[in-house]
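All chains are identified by letter, namely A, B and C, in their written order; residue positions are counted from 1 within each chain.
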Amino acid sequence: MIGAEFVALSLPPILIGCLAAIACAIPGNFLLLRRQALIGDAISHVVLPGIVIGFLVSRQVSTWPMMLGAGGAALVAVLLIEVVRRAGKLEPGAAMGVVFSTMFAGGVLLLEQSDTSSVHLDVQHALYGNLESLIWLDATGWASLFDMQALAGLPPELPRMAITCLIVTGVTALLWRPLKLSTFDEGFARALGLPVRALSLALVIMAAMAAVAAFDAVGSIIVIAMFICPPAAARLMTDRLGQQVGLSVVFAAISAVTGYVLAGYGPLWLGFDNSVSAAGMIATMSGLILALAAGFGPRRAPRIA
Amino acid sequence: MQLGLAAQDGRIVASDDGLTAPLAVRGLTVTYGEKPALFALDATFDAGAMSAIIGPNGAGKSTLLKAVLGMVTPVSGTVHAYGQPVREVLDRIAYVPQRATVDWDFPTRVIDVVLMGMARELGLLRRVRQDHRDRAMACLVRVGMEHFAERQIGQLSGGQQQRVFLARALAQGADLYLLDEPFAGVDAATEKAIVAVLKSLRDSGRTVVVVHHDLATVSTYFERALLINTTRVAEGPVATVLTPETLQATYGGRLAHAQLAQILG
Amino acid sequence: MAGASPTRNWRRSSAEMWGLGYNAALVATGAGLLGAAAGITGTFLVLRKRALVSDAIAHATLPGIALAFLVMVAFGGEGRSLAGLLFGSALSAWLGLLCVGWLTHATRLSEDAAIGAVLSVFFGFGILLLTVIQSLNVGRQAGLETFLLGSTAGMLYSDALTIAVGGGLATLAALVLRRPMLTAAFDPGYAVATGLDVRRVDLAMMGLIMAVTVIGIKIVGLVLIVAMVILPPVTARFWSNRVDRVVLIAGVMGGLTGLLGALISASAPNLPTGPIIVLTGSAGFFVSLMIAPRRGVLAALLARHRYQRRVHLRQGLLALAHGHPVYERFTLRLLSRAGLANPDGTATDKGRAAAARALLDESRWQILRADPAQEIAASHYDGLRPIETVLTPDQIAQIDTRLAPRPLT
């Protein structure tokens, strides 16, 4: 019956974790190469005010208004960063810091001011997510994977994350050529007449989508870590963009699986009775992978200018 | 009479005749903040010629190319290529940016960079077929880089990077070539190779416009020159445009007399 | 708090005049001092374009806080000593900073990627440790979560005192180190030439940022502390172009933000201190962004609009002077609205006079710019500025002798 327990309790969270990690890692590759790695960080910070506003407007803790709010907040943040950067002639880092801290502070204040104590909406949840709770009660064993009735009882985060991951992959494949070109040489891309701004926006929207969907399932920590660590590690392993993106997907999946397993079973092996935060462990694993790549990756050395 | 003098100096001689030329700029003013980078600039570039844009640092040479391509928004003025707004004829224009503007650490190979020149033609999903590859290789052959096709671009020397950029421009199959400082920081062999390619382009009726910084080679490489320092100082055949007066007016006190003598032979 | 000394009683009564508890007044003072230190030091960080390093530092404090708690518990303590927790946070923040440096220098990753990686991994690991503490069941959790978003509710007197004293020391250090940091940030090459050890100054700057972060996380929280470092300098930048003034304005701005924020937060329930301080600061930023006299958005829009009109007018006049048609409609509209041209594009009498003046000015400029001896005066040329504003009448007369007509060919 170990199998049954695994399918019901561990398989869904592992899959959701993997899909979330992959959905964030793919756009993360381009953000990394564009020196915009921290956009992912900014986006995941502003998700909180987004969901609070989504909740306040719709007055219900349902997924769609909150995800719409989060997505809207992410876009507002990205546009605001651009406006502040240009109007204030600031370096991108400073502009991001100004915008995301303002919006995050606004979110916390709204949360404190509004009557949300009765509902499950708090900062902790936004940060850690609750991967461990995404279980599949209808599963009785591997056979349930082919049982329509049981499948209907899957946690809704799983199909949602799967669709997001599919969209992100599909859009990246579709826009691969212009994305690559405008990331490498924006001036040339413009001279060709490519819609460089629209491409940047598409990339950011993709990142925001991944961040919002993943945040809902697994919390912000994983989102930030997966935007940066797997692509960064992959960059240190190869000099080809295609391989880099592929490797980043592999690293993201490895982080998610090992992180979840270690968080869930590690303490038991060590003789403790409680598991630890899966989100924290997944982020930590991605950090270890990056550390290994930074120490031993074949393409780690900085280029001598 | 004063009026005649100014006009003769080539200050404002805008008229409609040049507007069907491969490239015609009229009254172009671009500013970054308070100070103009270009002010009321007029320029015409003719077909089948190699033209140099010359001027001191900060004279607005690169800005001119960027404004032509719509990469910066001018305060005033118009740019026409082949009689149409540039937007409409981008597919006939190839651009070679300054080498330093891109991240050469980008994870890609030489051949992929050349294929980027065919981006418009390839669109989003068309697969790169063998004939695309063959054409890209042919472009690399023209710049003498065919043996580097599979190299990671970060492993190239400055001169090799510049040749790859030129190969990418060739892959565009354009009629008008705009190059921003292609000879900056390249070795002598690369400079020779690039000049040879540009001359062959000119000989096949293409128009070549080069932002150039080495006054000593202007008369050997180019037929025409545009001297600018925020505004146009002079424009025309190199032999008539490069005079002590125009150079002095372009560079102010920055040119020593000895240098002048050397440039002018 | 029992057995308060007479001075403390006196101070307490003066604090009560503000309508605040003594602790709240102390916290506000601490927040003000902290804000001043953060503003001054942050200016140099922003000048070096490394603003978000402070975010990495802030997030990297979390594992240290958790480990310090575990260590203190292991040694039989309660694990709540603020000083102990802050010491732990400083250690792990330092480690995080080293990791950023290692990833940036030993690999091809850029600093922003290194910052993001360190920030997320250290933070994730910290969260992991928090859940370890939870599962160890050592008493209550000691409220370590309050370090995420900060909390001043129910703060102990000793904690408030620690923060106030720490903030005071940090401000003092920032003021003392201001000159060397300025030299190092403004012109590292010159700094080296004058015998200043730039690496040590950098180290001191980072140490100071770290100190501010560590002291501030209890009030503002580690997620938001970055705002205290970034907001004052970027706000101050709108109000002055001189670096030394920017530093001072940022210090004052940071101090006011911290003080005001803490006071506002104490004035009503449900106003969390950290977010209120941040929002006070960003209100200052956005107001400055809009209305600052030279660098503000409104001023820039107005200036650009005005400049555009002047350019079009000037170009239009020059075209009229040469009898060329005016191509751009906007130019023509400006000319005719100013009474300089008729709607059909021909010049009016007034327009002819103005055009001749513009052309004379332009011709004088051309002569001036061609004269190597006049390079400095010529550098004022921007296509619009009348030459009278640069040269004396005598000099202009001199130029006019060279305007004498050359024979036209």
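By our rule, a contact is a pair of C-beta atoms (placed from the backbone, for glycine too) under 8 Å apart; a residue touches a chain by one contact, two chains touch by 3 or more.
Note that this is a predicted model, so its numbers are computed, not measured.
For the interfaces A-B and B-C, the C-beta contact count is higher for B-C. Chain centres defined as mean CA positions place C nearest to the mean of all protein CA atoms. Among the remaining chains, the Cα-based centre furthest from that of chain B is the centre of A. Measuring from the averaged C-alpha position of chain A to that of chain C gives a distance of 29 Å. For this pair, chain A with chain B, the centres built from the Cα atoms lie 43 Å apart. Separating the CA-averaged centres of chain B and chain C is a span of 39 Å. Taken residue by residue, chain A touches two or more other chains at 235, 303, whereas all remaining positions touch fewer. Counting partners per residue, chain C has 108 as the residues that reach two or more other chains. Counting only residues that touch two or more partner chains, chain B has 105.
Looking at the complex, you find that chain A touches chain B at residues 33, 174-175, 177-178, 180-181, 183-185, 187-194, 235, 238-241, 243-244, 303.
Residues of chain B that touch chain A in their complex: 66, 69-71, 87, 90-91, 93, 95, 97, 101-109, 113, 116, 119-120, 122-125, 152, 154, 168, 172, 178. Against chain C, in their complex, chain B makes its touches with residues 1-9, 11-16, 26-27, 29, 31, 34-36, 39-40, 75-78, 105, 229-231, 245, 248-249, 252-254. Across the complex, chain C meets chain B through its residues 108, 303, 307-308, 311-312, 314-315, 318-319, 321-322, 324-325, 327-328, 330-331, 356, 359-360, 362-363, 366, 369-373, 375, 378, 381-383, 403, 405-406, 408-409. Interface of chain A with chain C (complex): residues 32, 35-38, 40-41, 45, 84, 87-91, 93-94, 96-98, 101-102, 104-106, 108-109, 112-113, 123-124, 127-128, 221-222, 224-225, 227-229, 232, 235-236, 263, 267, 272-277, 279-284, 286-287, 290, 294, 297, 299-303.
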